[in-house]
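In this document, chain identifiers A, B and C correspond to the written order of the chains, with residue numbering beginning at 1 in each.
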Amino acid sequence: MKAVILDGIVLGLGLGLLGVGLTLVYGLAGVLNLAYGEIAVLAAIIVAQLIAGGVPAGLAAVIGVLAGATAGILIDLTLMRPVYRERGGHRVLLGLLLTLGLAFVIEGVLTWRDPLGALSINVAGGPVRILGVPLAVGSVWASVIAVAVGAALLVFFTATTFGRAVRSVIQDELGAQLVGISPPLVRTVIFGLSGALAGLVAVTQAMTAPVSVTAGFNLTVLALIVSVVGGLGSVPGAFLAGVLLGIVDSASATYIGHYITSIVLLGAAALTILVWPSGLLGSHEG
Amino acid sequence: MLEVATLAAGYLGQRVVEDVDLAVRPGEAVAIVGSNGAGKTTLFRAIAGLLRPLSGSVVLDGRDVTRWPAHRVAKAGVAYVPAERHLFPGMTVRTNLALGAYPHRPDHETLQLVFDIFPALKERLHQRAETLSGGQQQMLAVGRALMSRPRLLMLDEPSTGLAPKLAKDAFEALRGLKQTGMTLLVAEQQVPLALSIADRGYVLENGRIGLQGSPRELDQNPEVRRAYLGIA
Amino acid sequence: MTAVPRVGRAFLPVVATAVIIVVLPQVWFGSSEYTTGLAVQALILAAYAVGFNLIFGSTNQLFLCVGALAGLGGYVTGILADHASWSIWPAMVAGTLAAAAVGGLLSWVSVRRSLGVIFTGIVTLAFSLAFQDLLLGVEHLTGGSTGQVVTAAAVALSDNRLGGYYLFGGVVVGFLIVFRLLQISHFGWAFRALHDDEMAAELAGVDVARYRIYAAVIGSAMIGLTGALFAYSDGFLSPPTFAFDQVDVRVLVLVAFGGLGTLLGPVIGAVVFAFLDYALINSGQLRELLYGLCIVILFLGFRRGVIQALGGVAERFGPGGTGAKRWRRPAQIRERGS
């Protein structure tokens, strides 16, 4: 039982980190980035190629995260321009379609160049015992990183000037402009941050299991489920949702079965939307 | 400080405001009066950068800010308080004020100044903006604008949604501000209120400047009296 | 009486489409089974798309579960026919009804909880993915990933591609007729009203919730029926056929491209994408990449759909159309509480 819960938490922290990137962009820009998982995979492949080329893993990981950030910024500056000009339902749809197309492009390029590509990061060391349960050292590292990043993000959004500026754009974009905040700039930065988080997720996931070239869509769907359950736009929500869903997934996979687990997770997402549409810790959408 | 020349602005090609010339000198309080639909808000949005003018120019301290986006104009020292206020609803009074000082950290002196003018805000520092009453929200909006130590304070219909007494109080506060040397540009439907603090006034009618002059001149003008004060 | 000629003009695009469908094989396909097969695929997608267009294009409900609804229609048909020994026609009716019921339920839930576009999309996407897992999980009924043969299927249709072509051609024309009928009826009036401004429609007395559910039920029935007919004509069912990335992505893209809410949008979109698929077939591994590029470029260029871009040529015939000229509220409009 303890093992199940701890496994769930480890998994869940990873899920939370995955969800944060997507939820931030949605909360801020009103865009559901369906290419999110692909950015993570792109970063993963870049890191894999660098490592294969002899670059030390740590440096390669950093470059991977930066690559993710760059991808995010580029998407915002190019593809998202026409999307931002639309409003409401049209913005949602156009954003969906363009990022979907982009997802195909990225996955197409990656599978064409390197159909069997995958990233795997082996962290040296034997299993770590936490509360008597042996956990793979890679998983533990991944969780620690996730928690550290999550804490950093919380500090960023509540205590820094720019973080407050981001929240202000979410609450009232016009009001933000009136105090001198540039919403386009904020969006670009957050898109970049989201991309960086995607890259980080790829790296940390790779410490537990290989991230393959075809994992993109699954990652996007998982991120979506976590974001929605946690409340679109909420960082702590994403982590909370991630951990809860991670435990559910772990318990379900242990006691029930593989396909049912997926159905349970999806059901959880749907149920949350129906019962608490703003999610567990949904941010106020002024 | 502010010079607007032959400004035209509108939406979807429709010109709401046409051929507007106005000027605001440092330390002055200028009022724009006009009935609903005259174009006051459109004019203000065009000056503040929320709306791109169709033609004409807006010059601030010698710099051409006509095509500048709103956040740039704000950074250049123009604080605009729209009629709808646009506060950050889920954030506290304190955070709203702090954001007013963006990109700088809030300055204690300025904060004190705001509390002196609006003591009610100090009492409600940790209350969420959306839970404030209309009058308190108005105070917060002006307070937030003041946090950036603006050179020019623009207010669009500050009396909106305020009971007559509160509206009067608001204009009293504005008079106080003026006395500290603040430059004011105020758009207001309620002519007596507007003229009570203004050094000069413009009358905006159907998008064009009809009359201009000192409060006394405007007040005694029979057209103004008939149209806005209902005196036949 | 002016009603008859007006109605005649309203159906002109449908008739034109029907004529083209009938004539096309002689003119274009020759006896190439491959081309015919592609055309059948296009027709099936077009049929799905008309249903989706009714649900999303007309009433703004983003149902990302077209594949699942079709799969529901197909698998219910197959299971009833094979495992429960039903005869094929009642089985297909059951399949259609199952899809209609689920679609209606999803819509009802969405309406009750006032879910917006994105949340409806996410809930239906969750359903879509869960359904796929269900199909794979319940192997003894569905044959799992290896698929199952529908023994009651019409053998003649699966071997003779042209038969399938005419079957689905007829289905598409039938759906277009239904769509057009809805457009010119009080349904269409209500749909346009709630599409443009939901709150205004409510205030005008249109029971938005009810019309949304109607649209969802009819659209889902269309999709389910197509799935059921697929089971009947193809004879082989497997989960990937109805997967999100096979069906929904294509339908979404082609309807948005052809023009949301327009009559012929789905058909035009299906045709264009059939050509696209055909052109890309030899690109091998580059296919996905090029497909994605096409989507991006097309939507950067045709933001509101081809039909809108072309000035709504197809919609100029008839009293329907996107700019409702009928300001008189039809007597049969269902009011709230009635």
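Definition applied: a contact is a pair of C-beta atoms (placed from the backbone, for glycine too) under 8 Å apart; a residue touches a chain by one contact, two chains touch by 3 or more.
This is a predicted model, so every value here is computed, not measured.
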Ordered by label, the neighbours common to chain A and chain C are none
Among the chains, which is located farthest from chain C on the basis of C-alpha centroids? B
Chain A and chain C, separation of their C-alpha mean positions in angstrom: 33
Whole-Å gap between the CA centroids of chain B and chain C: 53
Averaging over Cα atoms per chain, report the distance between chain A and chain B in Å. 43
Footprint of chain C on chain A - complex, ascending: 32, 79, 82, 86, 89-90, 92-94, 96-98, 100-109, 111-112, 115, 217, 221, 224-225, 228, 257-260, 262-263, 266-267, 269-270, 273-274, 277
So in the complex, which bits of chain C are touching chain A? 60, 62, 109, 113-115, 117-119, 121-123, 125-127, 129-130, 133-134, 136-137, 245, 249, 252-253, 256, 285-296, 299-300, 303-304
Chain A residues within the chain B interface of the complex: 161, 164-165, 167-168, 171-172, 174-183, 283-284, 286
Name, in rising order, each residue of chain B that touches chain A in their complex. 48-50, 69-72, 74-75, 79-82, 85-91, 95, 98-105, 130, 144-145, 148
